[in-house]
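Next come two complexes built around chain A: one with chain B, the other with chain C.
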Partner chain A sequence: MEKIVLHLFIAGRTVRAERAIATLRRICEHELANYECELNIVDVLAEPQQAEVRRILATPTLIKEVPPPARRIIGDLGGDPHELLAALNLPPNP
Partner chain B sequence: MQQFDGLAPHVTDDTRLRQIVAASADGMIVVDREGRVCFLNPAAANILGRRAEDLMDQIFGYPVLGGERAEIDLLHPDGQHSVGEMRVVDTEWEGAPAQLVSLRDITEHRRANQALRDAEAFNWAILNSLSVHLAVLDARGTIIAVNSAWIEFSRANGDLDLQRTGVGVNYFTICEHAHGRWSDEVNEVLEGMRAVLEGRSPTYELEYPCHSPQEERWFVMRVVPLRGQRPGLVISHTNVTVQRQMARAASEATMLRERLATLERELVDVERMAQQENSVPRRISATPLRQRNSGAFGTAVATYHELLDIALMRQRGIPDASPERGLRALSDTLGFQAATPRDIVEIHLAGVRSAGIGAPPIKQQAYLEEGRLMVLELMGYLAGHYRGRALGRMGDVDDGSTEPA
Partner chain C sequence: MNCWRRSICRQIRNVLCSPGEVVYLKPDHSMIERLPTGIPGFDHIANGGLPRGRTTLVAGTAGSAKTVFAAQFLAAGIEHGEAGVFVTFEESPTDLRRNMYGFGWDITEWEAQNRWAFVDASPQHDEELTVIGAYDLGALLARIEHAVKRTGATRVSMDSLGAIFTRLNDSRLVRNEMLRIAVRIKALGVTAVITAERSQEYGEIARYGVEEFVADDVVILRNLLEEEKRRRTVEILKFRGTTHQKGSFPFTVIPGRGIVVIPLSAIELKQRSSSLRITSGNSEMDRMCGGGFFRDSIILVSGATGTGKTLMATSFMAAGAVRGERSLLFAFEESRDQLFRNATGWGVDFEQMESDGLLRVVCNYPEVTGMEDQLISMQSEIASFRPQRVAIDSLSALERASTIKSFREFVIGLTSFIKHQEMAGLYTSTTPTLLGGTSITEAHISTITDSIILLRYVELFGEMRRGLTVLKMRGSSHDKEIREFTIDGAGMHIGRPFRNISGILSGQFTHLTPSEIERLSTMFRDDEHEAAG
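So, the complex of A and B:
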């Protein structure tokens, strides 16, 4: 599988944002450890035009465009990591 | 995640249900497996700060929550932010699996909570800035809050982990099990606290010693009712050692001033009587005793020195140590030597100097303090001696019935 590219949109380094970042990092290091994984953090307070271009309605929002199909997740991203992977249409480690 | 089928198309009265959803104050959004908006009510559009037609068929996002609810930041087109609470249930939309997202704007609620937390933090900052040791008790006497000064004092006095004086401990029980000096006052303290708690008394106060091995300490315990809806007490302990020492010094100074004034009056009276009756040999006393009878002066200084030692023993609490009789005898001896107040001052200064030779500074200070009282006492007795002699002489002139004072 080609590289997985994730964009996480947050609004400032709040507790909610830090928790979402930690959850994603943990998933990249464990459930997606066998894939090349790129995680980009976008703070919409620092880059409001990014939110505008991507039509972000709320944060945390996680976008996966590569590999297709594109998926957009909203929420605290907590809970079962496999549920999040399923929502992203990503397979766990082979 | 809960299963919810209230918005499924097979519902018979679909129009009525949509009306209910439209009137709801909570935002409701139905999204498909890709997170695309299939349906939303006006409240949802309002919470997101956008028009409903701009949101329909747009990607909102597929909701993933760790628990029953999650807080999210809502981004408005004008750049403003608000805080939303999001809940999600599984549903069906036009025969396909979907998610019903309910949104509630909790920005004001969060602001109010934050304001409450700030106010509480501010109140605690004030309480923790006070040097008074404060504890709040509930109606059963359990400590429910203490300030920093209370904690520091408890730790400094051996209760390192606040097992005996911290939150959760029953203060009434602590008092009931008190021992040592406190044991005598326990019942009074308990009754005082209960009287305030039951509204029989507005406040209760007790001044008590709490000496450490290193220093003398005095505290005032104050008990006032806890103002508010919950019954309880606020207990404060204030260190009043400095105030007490100052009050003692002020009282001592007042007493000395009063005695000096009395002595001055007595000496004036004696002088007047002596002039009338010529009973005191003023001619000889014009010369200091030290010059006209150095032997008597030296003996008086030695006696005064001994009496200073007795006064110090009295100060240390040794029973029967009283310089009073010796001072009376010395005043009579000096009176027959026609001693004047100036002679008394010289004897006092020489006596204190003699006693202080070789003594440590703290003892020298004690000699000075005791000497200040003793010299006044000696002058009083000398005045009494002269007055007695004058009155005796006057009595001889009258009918002899007057006794010396």
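So, the complex of A and C:
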């Protein structure tokens, strides 16, 4: 089973942060059900050093490094899940 | 109006002090506290510094030294024990560390000492960036706050706004977020500088309407092309609720120092003027001036080439050396060898004076540097040698190398600097025509100088002779006659006035017959009688 590692950077539990988390959980359970999904949520208010290392400006920011190619998406990830999958360069379930 | 003003005054007095006490309200002492930036000259035009705890917008076109200003704001703070955070949206920290090192700012060292911190928001080219849905700049704000707390910073620089606007492509969002950052910075008690691009030197303050959120304090840096010469100026457009100097001031960017503002009109011309006289090096000239030059005065010597200007400067310095005073000569027309040879020809030993530490000669070609840089380098020469006498031979050479505006600013800057040091300055100026005439130099600086001495060729019965007059001697009476003088191996000898010739200064000589002289003197005698009656 191929592994997907996602890092989501949020600044506190805002409405946008909750929306992004919900969207990611949903696609991991449905569109990406065939993958092993690892979702790390980093709150930059608690861990600013993490934001510094990754040079994050906007929140929410989603980073995918595994599998390559690396992708960075900013925004609350609302709307069509296929748009998000295309941006992450991940094929949905066959 | 007066009534209203009086009532306000009374209210203020009631609030501020007990009855009977006098309150002085000075415009400079507004309720807004200042943070001295430490940028040379800038605090002078800012009446003390940037408004503390606020965000100042520094706007300028490409190449106007915005980044240098932003970095120097932090560097100057660090030198005074204040830490700083640099938020970079454009250049990478690696580039900034390298580029700023040339100004003498060792950022790497400061970072190691936890006195300087970067928040790197420069573009990354390795990852593709997509926007899906709504976002804010919460992470950037968190990083700035973290860096401020980690270093205990009191200063933050953000450079530059345009870069983040172009990257995120949502102007309204970026504006709102930057406003949020400005508000947060204020709450942290930090003073901030934020730079922004302008598309042109005059017109809207900055692109993307950034002044909407940092409108309180605006500084503009300009990089103008005037008569094919680059000229940098800084203008404080506004400091809301407090004062600053109006208009634009020249500045220069110098290796090892950074931005140096030349606060011309802000220079207070309240130098102590002394009534102490010093010798010009020529006893007859001293007598014509009513007992010598004043110790802190500026003397302009004007004349055509070969009339004896360099000689006057030479004897002025030699007279200082005899009294153990140091002299500094800035020579822009003749080489060192030539000057020393000339001096020997008049019986002055420059080499001896130099080895006694009483003379320093600085020769350079003004065409090589801009006027602002020229001024700064001359000021530092004066400050390090600390002479009692300064001579410049000649100002006209400098004038040729600059625009009229820069030249005038240069002369004002140098003059007030010299006067502050309580030194005497002798400037020479070359007139373009051999007979009579004035130079542009004189037209632009005659009001600044305290004394003016004119040296002129006089054509007399087919022979070239020399004449001089003291045109102006501020604060003293002086000889108003045009006297003949000669030059020989012992220097200058001033003789009798020209009696039978007029129009010497204009170069349009008229020889007067004895009867004409008689008629003129009678005419003036009548006038005096009438005035007396």
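Heads up, the rule we're going with is that the second predicted complex is superposed on the first by the 93 of 94 C-alpha atoms of A that agree within 3 Å, B and C clash if a C-alpha of one lies under 4 Å from a C-alpha of the other, contacts with A are read in each partner's own complex, and residues count from 1 in each chain.
Quick note on the criterion: a residue touches a chain if its C-beta (ideal position, glycine included) is under 8 Å from a C-beta of that chain, and two chains touch if they have at least 3 such contacts.
Keep in mind that this is a model prediction, so the values were computed, not measured.
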For the three-chain model obtained by superposing on chain A, do chain B and chain C clash or fit?
-> clash
Partner chain(s) touched by A:Q49 [first = chain B, second = chain C, both, neither] = second
Please work out whether A:G79 is in contact with chain B alone, chain C alone, both, or neither, and reply first, second, both or neither.
-> both
Touching A:P91, do we find chain B (first), chain C (second), both, or neither?
-> neither
What is the contact status of A:T61 with respect to chain B (first) and chain C (second): first, second, both, or neither?
-> both
Would you mind checking which one, chain B or chain C, touches more residues on chain A?
-> C
In the superposed model, where does chain C crash into chain B, at 9-17, 135-143 or 423-431?
-> 135-143
Which parts of chain A are in contact with chain B and also with chain C?
-> 11, 14, 16, 44, 48, 51, 55-61, 69, 71-79, 83-84, 87
Name, in rising order, each residue of chain B that touches chain A in their complex.
-> 34-35, 48, 50, 55, 58-67, 70-75, 79, 81, 84, 86, 88
For the chain C and chain A complex, residues of the former touching the latter | 119-121, 124, 126-143, 145-147, 164, 168
Seen from chain A, its contact residues with chain B in the complex are 11, 14, 16, 44, 48, 51, 55-61, 69, 71-79, 83-84, 87
Touching residues (chain side chain A, partner chain C) in the complex = 9-12, 14, 16, 19-20, 44-45, 48-49, 51-52, 55-61, 63, 69-79, 83-84, 87
